[in-house]
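Chain IDs A, B, C, D, E and F follow the sequence of writing; residue 1 opens each chain.
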Amino acid sequence: MNLHSMKLVTIVCESVLEERIVEVLGECGAHGHTAFDVRGGGSQGTRSADLVESGNLQIQVIAKPAVAEVILQRLHADFFRDYAMVAYVGEVSVLRPDKF
Amino acid sequence: MNLHSMKLVTIVCESVLEERIVEVLGECGAHGHTAFDVRGGGSQGTRSADLVESGNLQIQVIAKPAVAEVILQRLHADFFRDYAMVAYVGEVSVLRPDKF
Amino acid sequence: MNLHSMKLVTIVCESVLEERIVEVLGECGAHGHTAFDVRGGGSQGTRSADLVESGNLQIQVIAKPAVAEVILQRLHADFFRDYAMVAYVGEVSVLRPDKF
Amino acid sequence: MDLLTAIQANLLSPAVLFFVLGIFAAVSKRDLKFPESLYTTLTIYLLTAIGFKGGVAIHQAGIGAVWLPALCAIALGALIPLWTYPVLRKVGGMSVADAGAIAAHYGSVSAVTFIAATNFLKGVQEPYESYASAFLAVMESPAIIVGVLLGKGVLGGGRFSLSDPGIRHALRDAVLGRGVLLLVGAMGIGALCGKRGMDAVEGFFVTPFQGVLALFLLEMGMVAGRRLGDLRKVGAFLLVFGVVAPLVNGFGGVALGKWVGLSTGGAMLLGVLSASASYIAAPAAVRLSIPEANPTFSLTAALAITFPFNISFGIPLFFEAAKRISH
Amino acid sequence: MDLLTAIQANLLSPAVLFFVLGIFAAVSKRDLKFPESLYTTLTIYLLTAIGFKGGVAIHQAGIGAVWLPALCAIALGALIPLWTYPVLRKVGGMSVADAGAIAAHYGSVSAVTFIAATNFLKGVQEPYESYASAFLAVMESPAIIVGVLLGKGVLGGGRFSLSDPGIRHALRDAVLGRGVLLLVGAMGIGALCGKRGMDAVEGFFVTPFQGVLALFLLEMGMVAGRRLGDLRKVGAFLLVFGVVAPLVNGFGGVALGKWVGLSTGGAMLLGVLSASASYIAAPAAVRLSIPEANPTFSLTAALAITFPFNISFGIPLFFEAAKRISH
Amino acid sequence: MDLLTAIQANLLSPAVLFFVLGIFAAVSKRDLKFPESLYTTLTIYLLTAIGFKGGVAIHQAGIGAVWLPALCAIALGALIPLWTYPVLRKVGGMSVADAGAIAAHYGSVSAVTFIAATNFLKGVQEPYESYASAFLAVMESPAIIVGVLLGKGVLGGGRFSLSDPGIRHALRDAVLGRGVLLLVGAMGIGALCGKRGMDAVEGFFVTPFQGVLALFLLEMGMVAGRRLGDLRKVGAFLLVFGVVAPLVNGFGGVALGKWVGLSTGGAMLLGVLSASASYIAAPAAVRLSIPEANPTFSLTAALAITFPFNISFGIPLFFEAAKRISH
């Protein structure tokens, strides 16, 4: 089986940002994403999900290493300062590298 | 602490496949799985979750490397062509290798 | 871009434990967590989510390697024997190491 | 009331207008963010309520009155794919898989279209056999089975095996899917409880019913509206098919209903059922058993063409037809 | 109405039949896919509605009428674990943890069983003290505390420490869990608002109430049905216990109710509460504080044996008993 | 009824008491675990119901009666940020971003406060222009736009560009957010359907309405209660502002309402709208367009101070004011 290395970028952030981040991911060259609602806590306090304002969201993107790097840079430049957000990258392998 | 290497297989696919994939995982030798509903977008369009038909699902399985490989092969053979699906593998460590 | 290595600890367990585990994570030195409801199956049977008792939960924590190790040890000591639970660790990279 | 008045009254009903609002929201990309569980909850409520009411009606009418028209309904459901399939193949130039898939959708039925039709009848104060939801219950499965057989190419000696896990799951879904189980189950409960049971639960299953339908149609409007963009992809043939098939099936259903002795309202409901296309049971079963069929074709036709057509124009049309044939 | 008629009428009520439908769906592995949030929402509605109605009743009856029977209810809840624990240990051969866990479940109460019993009384037009939901509110916690103490082995000098985080969380849950808070809170609100408040919210808390219960029992049927497979695992003793314990507790509760001056309906409700086993508050608290107890035992007994027994046969039986004692 | 009686009656209404229960649950850290989808579902229901009823009222009153007071309402919404911004800057010493953000919240409106006010009027049997929900619909957006402009520093020549994606998303949300779409959409439907449509859906949109509001306020109480802890963080100025601003805006709104010819009930509703602060539309739009503003300030003021103040004391106060001015 022929596995190919990819990056998995995970973003946890305020729900209000969903549309904007999906837009940014497309601009950075990602070909897809997966999102779901989460709850959590961090430096900016506990986030439940009863008001959209205080809702929390996890977005996962599989992307080529170069794209993943661009994504992180954009997140850093556009969102890290002002919003409750965590982002991290991991290594994964996929069968169909052309999909990402 | 004695950590053991395992594979984490993640599958994102159409909700309609949940039962079938859980069946396949068992056939491949996995001993458990975790699933939850997600939304997302990829090569086959945006998937929200308002109709089961267009629903989206994430399934995660921890398995021995050999089992993980069999799982990927089965997914490739049985589903990749016809269904909206993404699958990837990552490395993780666990304390109780006999559980998986 | 300056990426820093961190550990991602993932715990899948009975919903009833949510508050206690968040407490434990804080005691171990973690600075945040993300949680969401899942369904699944493992050695202790199928867990749906219709009663809290049989509900299932996934918790993710990004933490320094030393903290991650402490977390696993605490989970092992306090929960592994009596509760339906799976825990695993993976490698991730982050931009702001001081957050974790 | 003549046809134009009926159409106008129907178009100005809360149900249809909420549907239009949903389409508008989807088209103008204003996601109303209806929670997924709300959609499921409303479905469960509508199926249970309509089933329960039908069961109470069976209790009152006796099973003797129900079996013959129910048999006709089953036959209708199984036959519709048999004429739509060759048309889709020959006139539409569709592949075996796609033609079978679409045939399954159009033979099967849409519960919400049926419910909208009963509300229409209530609005114009036209009586109907309230056990008609039994037809809804029995028409869901046969067409799916016939359509899947066609789509797997049994006509051309194609491969069809019960050991194929997709087909196994699909048939189980088709024969006793959750929709059928809820509907038939609630119907059985209604038939056992009768009037006394209805008195107890009327405040939940009857009082808010029409309003719940309106809210549900708001959601359906969003679902349909999101599919509008796919209209370009399905081609002119399917656009025409999505209007002509319900007309043919609907008038056929009305005629059969009259022939088997149903009232004007009852015949109209049988027509609406024939005209309606499934967008819940059929899509799931077809996706599992004919994965090579393109779901965009069947779903766009069923949801973005036939469903809106039926609830806006089809319902008053079939009502008018049922009145005409009776005179 | 004699006992057989009462049992038959109860078995043919929408509530019980929907429960049976739920069991059927679970046993035939047809997941009806009720969203998780629907379960929670229905629970919130039922607890709030029953609490509010009870509060309005307290407003009308005066607290003076309530305190004595409520005290009896508390005593009942605390005493039931004390007799069930030794039986489970000696006759059933259960471990300390399992016996304490099961005792906690059977001393505590099931709100839905109570609500089904009030609906039964409404159906047979038997009056009852509508402030009886106060008994429901006060019986949930004491038994859990006693059961947990027993299960941690305090009788045998076992370790029990308030610094154990599991016990800390569990006691907090037991004393002021969400069920109790909703129930007691809504009751307080009803007591403050009285009739005028009821007039405002009747269309929500009363009109659809019985139907909502039917829908909830459909869901409970699925939950119970999924546990049926575990019946083999729990052994013959627990099967018998799951029927005998509610009978003993139920008749005891009826007798105590009569003794303290409750009406036939009220005594029957106290009996039903004693007979019922908790499947929400107790499981969570016990899981946190006695993790070494096997939840399969207590939950299967409570959900798959005692709950169905009570809502089908127990309710008419305790009603009959309450009528007999009164004459 | 004098002011004290009105306040007391309001405080003892189910709606306000359920709100207090929610606060208690949050403060005592007893999470009632209301599912997220329940919150959204209740919001959808309340907005649709109030919109639909308003639309039916417009159908009956004619658009001619509505446009002038609606225009006043728009003006009110746009003007409120213009006086609150300088006060927040100069007296409160807030940053440009924070002052603009808070001004946007206080100019915009809270639908639930409005609904609670209509329920109050129903309780005291005071008639009002039921098309008043039109004011609710038109007041949501203008204030947000003005507030965002202020918060981006346009007064001080600050940077404000429509190509900023945050501002783009925010303005789209503000002009046609989901709240406005549901409200205006349902209102249009009501206006088209009139009485006949209302007859069909009354059992859903009217019968349970007040009870649903009570349940929703239970949830709002939890949301507000969780913010109480932030009161320490916002400083004394904002505490005072959170009570004084609604008083000033409320009395202003009542006076304007009277001046433009509204009835006592209608003027009171316009006052309540002016007094209320948005906690749904404004927060989302402001978060996207003025990310540098601290949401703790605006949300704590709106949710933990102004909202509770309005539904407990504000509503009877503005009612009293409306009565006084009329004499």
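The criterion applied here is as follows: a residue touches a chain if its C-beta (ideal position, glycine included) is under 8 Å from a C-beta of that chain, and two chains touch if they have at least 3 such contacts.
Everything numeric here is computed off the predicted structure, so don't read it as measured data.
Counting only chains that touch, the fewest steps needed to get from chain B to chain E is 2.
Counting hops only between chains that touch, chain A reaches chain D in a minimum of 2. Taking the definition of touch as given, a chain qualifies here only if it contacts chain A and chain F alike; none does. Taking C-E and E-F together, the chain pair joined by more C-beta contacts is E-F. Summarising the inter-chain layout, the chain whose CA centre lies farthest from the centre of chain B is F. Shared numbers divided by all numbers used gives the overlap of an interface; between chain A and chain B this overlap falls below half, so the copies present different residues.
Greatest Cα centroid separation from chain D: this falls to C. Centres computed as Cα averages put chain B at a distance of 19 Å from chain C.
Separating the CA-averaged centres of chain B and chain F is a span of 46 Å. Taking each chain's centre as the mean of its C-alpha atoms, chain B lies 34 Å from chain D. The multi-chain contact residues of chain B, meaning those touching 2 or more other chains, are 36-37, 52, 90-91. For chain D, the set of residues touching two or more other chains reads 33-37, 41, 207-208. By the document's touch criterion, interfaces exist between A-B, A-C, A-F, B-C, B-D, C-E, D-E, D-F, E-F. Residues 14, 16-17, 19-20, 23, 37, 48-53, 55, 82-83 of chain A are the ones that touch chain F when the two sit in their complex. Touching chain D in their complex are the following residues of chain F: 35-37, 40-41, 44-45, 48, 52, 176-178, 181-182, 185-186, 188-189, 192-193, 196-197, 200-205, 207-208. The touching residues of chain C, counted against chain B in their complex, run 10, 12, 36-43, 56, 58, 69, 72-73, 76, 80, 86-91.
Residue ranges on chain E touching chain D, taken from their complex, read 12-14, 17-18, 21, 24-25, 28, 30-38, 119, 122-123, 206-212, 214-215, 218. Put simply, chain E touches chain C in their complex at residues 34, 36, 39, 165-166, 169, 219, 222-223, 226, 279-280, 283-284, 287-288, 291-292, 295, 299.
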